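One chain, chain A, links the two complexes that follow: it is found with chain B in the first and with chain C in the second.
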Partner chain A sequence: MQTWTEKIILFIWCGFSYVFLLSPMVVVMGASLHGGEFSAAIKFPPDEPSFQWYSKIPSEQFEALALSLLVAAVATFIAALIAIPAALGLVRSNFKAKFAITSVFRAPLQIPAIVSGIAFLQLYYLIFDTSGLMLAGTIPGMLLGHVFIATPFLFGTIVAVLQRFDYRLEEASYSLGAGRWRTLYRVTLPTIMPGIYSGGLYAFMVSFADVPMSIFLTAPGFVTYPVELFYAMENDFDPSILASSSIVIVFCLAMLLVVQKVVGLETLLRSGGGSAR
Partner chain B sequence: MENRWFAYLIPPFIVTLLLVAGSQFVFIQNSFYQDLGLGRTGTDLTLVNYIKFFTDSFYLKTFWITIKVSAIAALLTLFLGFPIAYVVARMKSRLAMFLLAGIVVSTFVTIVIKVFGLIIIFSADGVINKTLLNLGLIERAYSIIGTQEGVVIGLMHFTIGFSVLLLYSVVVTVPPSLEYAAQIHGASRLRVYQRVIIPLCAPGFVVGGLMIFNMCMGAFTSAALLGGGRVLTLPVLVQRTVMMEVKYSTAASIAFVLLVSVILINLFSLIAIRRLRSARLVVA
Partner chain C sequence: MSGVKLDKIVKSYGSTMAVNDVSLDIKEGEFLTLLGPSGCGKTTTLRLISGFIQPTSGAIHFGDKDVTGIAPQHRQIGMVFQDYALFPHLTVSENISFGLVERRYEKAAIKERVDDLLALIKLEEAADRYPSEISGGQAQRVAVARAVAHPPSVLLMDEPLGALDLKLRETMQTELRRIQQELGITAVYVTHDQSEAMNMSDRIVVMNQGVIEQIGSPKGIYSSPQSVFVANFIGQVNVLNCNVTVQKDNITELEYQGQKIRAQHDKSLRQGTTTFLAIRPEDIKITPKAARKSQNSLKGVVSEALFSGNVMKISVELESGDCIKVECPPKLNSFEIGNPVYVSWLPEDCNILLN
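So, the complex of A and B:
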């Protein structure tokens, strides 16, 4: 029902938006293939394509990448342990203060990450002053901050799935003789699993990409990958950093494909990690 | 039955409340102590940091620049995000899912990597500068680092993926049958946009626009890297005050001003949603 003029305008407009959206990532991957001699020369399109910079990635970047993966994975796991019972309890019980309680669980999304960063840093200083325990620059300290920013994503998607839950499934399970725990493990959890996977993916990715929270909780020799990149960029950088960035872009793509295989893209979009914000 | 589910809620609620209240309380309290520099603070509660913020032209200018670049970035993001959302929502083939997948992947990649790409694209011998120089539109290479335009582009990259997903969920609530009905009654396509699509999406645009504006206000990474120390926004100022000047109380007061502005915008958009919903303008 659309006219040709309209189709052409939409096509050009859309094309422009997509180029704007995707070009930085394409350019990073392209420029990482730079084959010239000078390390300072970052060029797109690359001169003589080669993979030489991929073998020159310094070990600090791999260590940072490993730390980021570890923190993101563990933070997502802990966030799931908080978000699953919270969502079940919230959707299934009836009381008046629901809105207030939901706001508390969603609060970390409303607070700008930089504010949370400085808040956690000052909290850690206070804990240090009172107990002598320094959390800033340690794995538990980093994890706590990341659990804080990751939980709302899982909470949001699981609540969305639970609101569409068909209660007759549980009634059928009870009437067939399954107890509470058996029903929870065999019926309820498997049904909300797509929500857990897609929320978990968003939570993992948000934690994995975070700068503003992590930048306050790092220490020399204890830096997450995005923060390592951030500092590299404030100084001079060479194409090896583009090589490791390209590996991360491919990793993000791979994560999406895995989730597509497990729960399907539709579920991922419908359960609305986007709308969790 | 009900009590059992309520019991599930209590432990995670206590943990989250402790994290939220604990962290926020400490820094808000710190913002009311006088800053003595080098991480030391006074012991008496005072409003001195806030008085300084609202009387010093440097802080007020930073506040104004933050609002300005965020507003421009939010509007441009909506402008670029809408066609993708509309086309994908109306597409019937499986291609739509692939197009959305592209958006989702772009939201996963850390903004630092995207800023890398932007810097290469806009560098002195990058694609944009070469083209503009060859066309004779500019006389010498133009750099986006340290300019407000650069910060706006960075903020747009930070929010555009999210805005497409958001606008997509708005457009899906407008059934295509409404468009057909208008056309059967003789409306041209332009008129369908004017009288059907835009009015029905408008509430979503307003609320979505406010959310994107909020994200921009709080955006640190892209603003810090593309501002290059010359264009400061509130989040960048918070980080610099902590890391370079080691003034925790001043930083806390700036952060609190930022937090309150963001919460006010949120409340405003919440009220907007309620109003629009009661006027039956929003389906979802």
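So, the complex of A and C:
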């Protein structure tokens, strides 16, 4: 049993953590309601709350947001197509190059994104020089980079789930007359699905929020949302940036609620697997 | 449904022989148990029958069909695992219907079969629960129902009750046996628990170090074990190291530490052979005076007396230094540690073991 002192300490500590984590968002959302004249300084709490800056968000930011969502979604999907078979194959096999290949799949985590960005840009110039095809500033070029940084997150969580996977579930499936593909479809994938969801969520967020790599792969009129915000902050700050950020925050919370309803966040966090007990 | 025949099965991993020249003829509808300590090859044998592993040499037949080399999904087996291996993302009835869906049953037929099986395992009310929401005993019954939903040629069970507590295990033994009898299915059961094997089986196969030590009915194996290993593994036993002196008809006279012992059996033994004599603790009487001539009688001193409810467990140290374990009803006992006593038993109650 917890004593009262322990409860109070826990309460204070948790409260402090929540304030620490949530206050930046509260400040941004609050300041976005700034109602007065233009000011370059953030005002919190806002003087005369109004939604005026929401109507002044430049259209480029919405275009950038759409691009970012598209890139993040497609990159996560492609990363899943790479990570699921890779994890299934590597966890279950036992050959000499296994560890080497596993570290290749994890490598993007160890490379600073800015280095990856430069590398991709160099690669694209090289391809341009030899074939005349320019990938920088195009959707395929952007996707390639994002798949690169997103894959390890999916790969890692799926490997973790598979290592706890009870192989007797597959044997049970075989014994019931299901072949390899049927077993993959009816038993293996559903059991590791929580791992795929949580890895996918990470991968999506990493891709969606990336600045250091994406900044090298943009072109005029082809900018992802965080990079667009970065430019806006640098060049001409006004509270409409806060307004647009607030919209994204609300959008993300809504997304989380949907995920919570559909798969349940507990399953995401548990990333279960294995049998009944 | 059919019988199962193993013909000179060998399974080796490098130089270790997991299963060494095992031949078995399992009859249709029989409940056969593979019994032995861990590492004796019983689970390997079961996995060979299921097809999850392939024999190094030898053949496996289901009825008239040679299934050697055929993948498990094409063997028509039912498998029950120790930790149930229920699909965690499917409900109880979805688990049971898994194999029926794979075998392309009609929707209505699936529903009917699942309802029948739920009734058989007495779990109608749990149909829509997930495996994480039912108890261990219930999960085990679901695992059995799932395995027999599409009637298998043979039902294979790998220590299915190992994870349950003692009371539940005993109930489930009766339950499993009932289900097997009701469906008339050929069953192969793996366990290291000799009492479980005794309770459930038509025949028991005792295995040790990859080979079959003895095959027989539970009663046959208990009352006439053929080797020291079997005698020791099935229940408690006293083993005395003796020399054969005379053999006439079915009575053999042996010499144990200068004393004459008579044993009744039908093996033929050469004079002078060293053999082991096995006597069950419950067949031995303990008396203050030497018994009648017709019985075997040895002198000793009570060295231990344990009261364990329904029986009194007494150890008697013989003059030779060997210890004899005796079990008798507590009422008969008034012996205390240090008392000089005689232990005696009938010639027909001892077994001569060949090795």
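To be clear about the criterion, the second predicted complex is superposed on the first by the 236 of 277 C-alpha atoms of A that agree within 3 Å, B and C clash if a C-alpha of one lies under 4 Å from a C-alpha of the other, contacts with A are read in each partner's own complex, and residues count from 1 in each chain.
FYI, a contact is a pair of C-beta atoms (placed from the backbone, for glycine too) under 8 Å apart; a residue touches a chain by one contact, two chains touch by 3 or more.
Just so we're clear, the structure is a prediction, and the values are computed from it rather than from any experiment.
Novice: Touching A:174, do we find chain B (first), chain C (second), both, or neither?
Specialist: A:174 contacts chain C only, not chain B.
Novice: What is the contact status of A:69 with respect to chain B (first) and chain C (second): first, second, both, or neither?
Specialist: neither
Novice: Looking at the overlay, does A:148 come into contact with chain B only (first), chain C only (second), both, or neither?
Specialist: first
Novice: Classify the contacts of A:89 with the two partner chains as first (chain B alone), second (chain C alone), both, or neither.
Specialist: First partner only, chain B.
Novice: If you tally the residues of chain A touched by each partner, is the higher count for chain B or for chain C?
Specialist: Higher number of touched chain A residues: B.
Novice: Tell me which partner A:17 touches in the superposition: chain B (first), chain C (second), both or neither.
Specialist: A:17: touches chain B, not chain C.
Novice: Using the touch definition from the top, say if A:31 reaches chain B (first), chain C (second), both or neither.
Specialist: Only chain B is touched by A:31; chain C is not.
Novice: Looking at the overlay, does A:187 come into contact with chain B only (first), chain C only (second), both, or neither?
Specialist: Second partner only.
Novice: So, A:166: does it touch chain B (first), chain C (second), both, or neither?
Specialist: Second partner only.
Novice: Chain A residues touched by both chain B and chain C?
Specialist: In chain A, residues 272, 274-275, 277 are touched by chain B and also by chain C.
Novice: For chain A, which residues count as touching chain B in their complex?
Specialist: That would be residues 1-3, 6, 10, 13-14, 16-18, 20-28, 31, 42-44, 82-83, 85-86, 88-90, 92-95, 101, 104-105, 107-108, 110-123, 125-126, 144, 147-148, 151, 180, 205, 208-212, 215-216, 225-226, 229-230, 233-234, 241-242, 245, 248-249, 252-253, 255-256, 260, 265-266, 268-269, 272, 274-275, 277 of chain A.
Novice: So in the complex, the part of chain C that touches chain A is made up of which residues?
Specialist: Result: residues 50, 52, 71-74, 76-79, 81, 83-89, 98-99, 102-103, 131-132, 134, 136, 139, 146-147, 149-150, 156, 163 of chain C touch chain A.
Novice: Quick one: in the complex, what on chain B touches chain A?
Specialist: Chain B residues touching chain A: 2-13, 15-17, 19-20, 22-24, 26-27, 30, 80-81, 83-84, 86-87, 97, 100-121, 123, 125-127, 156-157, 160-162, 164-166, 168-169, 179-180, 183, 189, 211, 215, 217-221, 224-225, 235, 238-239, 242, 248, 251-252, 255-256, 258-259, 262-263, 266.
Novice: Could you please specify the touching residues of chain A with respect to chain C in the complex?
Specialist: On the chain A side, the touching residues are 166, 168-169, 171-179, 182, 186-187, 190-191, 193, 272-277.
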